[in-house]
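Sharing a structure with you now.
As written, the chains take the letters A, B and C, and residue 1 is the first residue of each chain.
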Amino acid sequence: MSRSNLILLALIACIAALPMFGGAYALRLGTIACMYAILALSWNVVGGLAGYPSFATAAFFGLGAYIGGVLLARGMPLAAAVPIAGIGSFLVAALLGAALLRLRGHYFAIASLSLIEVFREVVNNATDLTGGGMGLNIPLSASAGVMADATFFFYAMWSLLLVTAVMVMAVSLSKLGFGLSCIRQNETAANMVGLNTTLYKSIAFGLSACFVGSAGGIYAAWVHYIDPSDVFDILYSVKPIVMALIGGLGSPLGVTVGAFVYLGLEEVVWRNYIQIHSGVLGIIIVLLLLFLPHGLMSVGSWRWRRGMKNA
Amino acid sequence: MFAAQILINALVLGCLYACIAIGFSLVWGVLNVINLIHGSFIVLGAYLAWSLYQGFHVSPWYALVIAAPLFFVFGYVIQRIVLNRVITAPVLVTLTMTFGLDLILNNAMIYYFKADYRKLTLKPPMGSVSIFDVVVPVDRLVATIAALALTGILYLILRRLRVGRAIVAVRLDRDAAVLMGVDVNAIYAIAFGLGTALAGCAGVLMALIFPISPLTSTAYLGKAFVVCVLGGLGSVSGALAGGVLLALIEGVGSAMFGPAHATTLSFVLLIVFLILRPQGLLGRKGFE
Amino acid sequence: MARSLPLYARLSRSLVVAAAVALSASAAFAQDVIKFGAPLPLTGPLAPEAIKQQQGYDLWAEQVNKAGGISVGGKKYKVEIVYSDYQSNTPRAVQATEQMITQDGVNFMFSPFGSGAAKAASSLSERYKMPTIASTASSPQVYDQGYKYLFGTFTPNDTLTTPLTKIVKAKAPNVKKVAILARNDLFPLAIAQEMEKSAKANGLDVVYFEKYAIGTLDHSATLSQIKSLAPQWIFVTGYINDLLLVRKQMSDQEIKADVVSMIAGPAYQEFIDAAGPSGENISSAAWWHPAAKYDGKDIFGTTANYVKLFREKYKSDPDYAQASASVSGALFQMAIEKAGTLDKEKVRDALAATDVMTFWGPVRFGPTGQINSLEPPVFQLQGGKAIVLSPDIIKQGEFKLGVN
C-alpha cells in the first residue's frame, strides 16, 4: 500500500473523532464533507482512472436518493434501503455504461449530462411513486434528539466514505485499475491486446455510481424531504470535478483533500457573500484552472494530465 | 387542422431553436469547447433589448445591430484573456472553465437586474395572422425570419469572407491550417466572438417572445445541446435541421404523451442519437 | 478557619456579583436587538420569490425600528433580520436554518420559502424549540407533524380553489368542461390537484389535466390541444414567467374561453403590467389582496396603510407574498410584546394564543399551527385592475365572463 493511501486512511480515521469536539452544525458540515469526498472519490474512478469526463454524478446521486427515499417512505429500514440504492445505481449505471462509454470526449460529456435531465424528468413524472414536483417526504425515524441524530448520520456517511476509499484503493491496485489506466492512455491499443474494455468501463461506471447512489440514500434519510430539482442538481456533477481539480486528478488522497478544501471554500464564501457567492465561486474556479492547473497535490499530476489529454 | 397547427408551431419554434443553438454549435465545432456560458449570453442579449426598449424606445430590430458588435467584442475579449489559456487542455478543464465563467456572469446578472421576470411588450402588440384556421403569431414569424437571416449571414461569412474560410479551415484541420499560415489563436477568438454575437442577437429576438430572467439561461443552454447533437456540430444547416426536428419532437410528443414528457423525450432522443449517429442529421463526424 | 470562611464567602460572593454584572451587561448589550433568521432562495429557480420575501421582512423591520423597536417588559429592542441564501435548494435551507440557530444565535426564525422547504426546516425548529413562522407554506402536511413551534399564515390550498369554483358555478352556468394545465412543481401542482377535486365535486367535466416541466419554453402544442377540446374554463398554474408565456401564446393562437383562471399570476403587479389588455377578465385567488379592507391592531394598522407604506418604500403595489412576510413579522412582534419576554417557550405560547385582527385579516392559529381564520379573496382583472369578487365583506365588483 502506497504512502498516500495510508495517509488517506489516517485522515479518514481522524475525521471520525469529530463528534467529540463539534456541535450539531459542525457535524452537519462533517456529514457534507464525507458526502463530498464520496462523490469526488467515486467520480475519480471513471474521470480520473479511466479518463472519461463524466457529468453523471448528479444523475446517480438523485437516483440513489429516490430509490432510498421511496423505500424509506414505505417503511423499509435505513440499513436495507441504502444498500439497495447502491446496488440499484450500480446496475443502472453498468447497463447504461455499456452503451454510453462507447462515446468519447465531448460526446460522452454531453451524454452523461443528459442523463441528469432524463432521470430528473422520469422521477418528476412518476408522480404516484415519487410525488413528482411536489417532492417526497421521508418520515423521521424516532428522533433521539439533535445531537444523537446528527451523530448518527455523520457516522453513516463516514462509514460509507471509508468503504468508498477502500474500494477506490482496491480498484487502483487491482487488474481493473490497471486496465482502466490502459484505457485512459490508449484505448485502441488496450482493445487490441485483448482487454475487454467495454466490460472494464461498465464496471468502473457502475462502481462510481454505486457509492454515489448509496450516499444519495443516506442523504434522503438525513434531510427527510427531497425533490427532483434538489437532488438532480447539475452542481452535484460539477462539484466533484472541481474538487478533483483542486486536489489533483487521479490520486485518492488528492481528491479527498480537494473535497474538504472545496467544502471549506464553499462555506466561507457562502457565509460572507450572501448576494454574490456563486459568482465568487466562479472566480475561484476560473483562477484555479488558470493558475493552479495541477491541483494542490502536484505530485505526479503531470502524469495524469498527459493521460487526460489522450482521452 | 390540429395537425397542421402543430406542424406550423413546430416549424416556427424550430427556427428559434436553431437561432439559440447556432452560436453554440460554431464554438463547439471550431474551438472544440462546450460553451456553458452560452445560455447566459442569450439572457444578457435579452436584457440589452429590454433595456434599450424601456429606456430609450429603441426597437428590438435596431437592438440587433447594436448587440452584434458589442457581443462580438465581449466574446473576443473573454476568449483572448481567459479561454485561450486552457484551449488545449482536456475537455474536463475547458468545460469546468466555462462553467465557472457562467457562474460569474449569471450571478452578476442576478445581482444587477434582480431575478424577477421582465417582459418586453411591444406597443402595439403585433398580433397574429391566420390562414385557414392555422394561426401564426406575427412576432414569432418576424423573429423566425430574423433568425433565418442571421444564420444566412453566418453562412455567407463562413463561405465568402477570408476570415470565414480560415475558420472553416481551422475547424476541419487545425494543424494543416497552422501550416498554411493561419493565426489559430486569432481565429479562435474571432470564432468565439462570432458565437457570442450570435447568442446576443438570439437573446434580442427571444426577448420578444419569452419572459426575461437570469434563471432562463439553463433552458436555452439545454435546447442548444439537443439541437447541436441532433443536427450535427458546427454546421449552419445542421442547426436548422436540428432545431426543427427538436420542435417537432416536442410538439408531437406533448400532444401525444402530455407536455411533461416532451422534455424527457427530447433528451432520450439526444442520447440515442449520440450513440447511434454522433455526427447528427447533417453533420460530419466532429471532434473526438 | 472560622474567620477565614466569611472572607472566602465574601470574596466569592463579590466575584459572583461582578461576573453577574458583567454578564448581564454584555447580555443587555447583545439583547438590545432581537435577531430574526430568514433563509431566502436568493439564487436559483425561486430567486424571484426571495425578493418578495425580503421586501416584506425589510418593510416590517424598518417600521418597527422607526417606532423605536419592540417593547419587552418596558424595554425597547431593535429588530435585526439575518438573511442567508439557500440557493433554492431545500437541504441548504435546512443547513442555513441550523446555522442561524446554532451559529448566529437568532432569537426567532422565519421558514424558508414554500411548503417543502418549510417542512424540512421545521424539524430543526422543533428540536431547538425555536418559534418559527412560515409565511409561504400552505400544505396541511407541513403542520400536521405534531410540532409545537411552527406557525403558518397561509390557509390550505383548497381554500383558494373552492370559492373560485363556487363563483364560476354560480355566475357561469355554461361552464361544463374544464382544462387544467399545471407546472410540475410543488405549489402549482398541489393547487391544480385541488382544482381538479373541486371541479369534480361540483359536477364539472375535467377534459384535460396535464403537467408541464419546469423551464418549458413553449406551450403552443399543448394550447393547440386544449383549443381543440373547446373547454369553457381554462385553469393554469405556474409562476409569473410561465403564466405570461401561456397567456401570450393563448392570444397568439386566438384561444377564447368563458373563464380563464391563473394562479398565482394576476395576484402580482408584474403580471398585470406585462399582460396588459390580454389580462382582462382573468380570474385568480390568493391569500390576500391589497384591495382588502381590514382594520388591524398590528404595527401597520389598516390594509390601506400597509399598501401606502409599501408603495413609499418600493414604488410598487404589494402582493400576498410580501404582505405575508410582513404580517409574519408583525405577529412575532405582538406575541413578544404580549409575552413580555424573549423566552422562546413563552413567545411560542403567546403565538399559539394569537387572536387578533391585522392588515392581513383576522389571525388565529388552529391546533396544528396553521392559520384557520382567513378567507382568501377571489379576484378578477377588470380594466387593468384586480377587482375582488369574494368574500362579501371586501367585494368590489361582479364576475365577468369571456376572456379573449
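Basically, contacts are C-beta pairs under 8 Å (C-beta built on N, C-alpha and C of every residue); 3 or more make two chains touch, one makes a residue touch a chain.
Predicted model only: the values in this text are computed from it and were never measured.
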Next item on the list: Using the contact definition stated above, find the chains touching both chain A and chain B.
Entry: C
Notebook entry, point to check: With respect to inter-chain C-beta contacts, which pair, B-C or A-C, contains the greater number?
Noted result: B-C
Next item on the list: Farthest from chain B by Cα centre, which chain is it? Let me know.
Entry: C
Check: Just curious, how far off is chain B from chain A if you go by their C-alpha centres, in Å?
Finding: 31
Next item on the list: Find the geometric centre of each of chain A and chain C from their Cα atoms only, then give the gap between the two centres in Å, rounded to an integer.
Entry: 36
Check: Which residues of chain C are in contact with two or more other chains?
Finding: 42-43, 45, 184, 211, 213
Check: By residue number and range, which residues of chain B touch two or more other chains?
Finding: 107, 222, 260, 263-264
Check: What are the residue numbers in chain A that touch two or more other chains?
Finding: 121, 124-125, 275, 277-278
Notebook entry, point to check: In the complex formed with chain A, which residues of chain C make contact?
Noted result: 42-43, 45, 83-85, 87-91, 94-95, 98-99, 102-103, 116-117, 119-120, 123, 127-128, 141, 183-186, 188-190, 211, 213-214
Margin query: Per the contact definition, I'd like the list of chain B residues that touch chain C in the complex.
Written below: 2, 5-6, 9-10, 13, 107, 110, 114-119, 121, 125, 128, 130, 135-137, 140, 209-211, 213-216, 218-220, 222-223, 247, 250-252, 254-255, 258-260, 262-264
Next item on the list: Quick one: which bits of chain A touch chain B in the complex? Just the residue numbers, please.
Entry: 47, 53, 55, 99-100, 102-107, 109-111, 113-115, 117-118, 121-122, 124-125, 238, 241-242, 245, 275-279, 281-286, 289-290, 293, 305, 308-309, 311
Notebook entry, point to check: In the complex formed with chain B, which residues of chain C make contact?
Noted result: 42-45, 47-48, 50-51, 181, 184, 210-213, 215-222, 224-225, 228, 239-241, 244-245, 248-249, 251-254, 270, 274, 276, 278
Item checked: Residue ranges of chain B in contact with chain A within the complex -> 28, 32, 34, 82, 85-86, 89-93, 95-97, 99-104, 106-108, 111, 222, 225, 229, 260-261, 263-264, 267-268, 270-271, 274-275, 278, 286-288
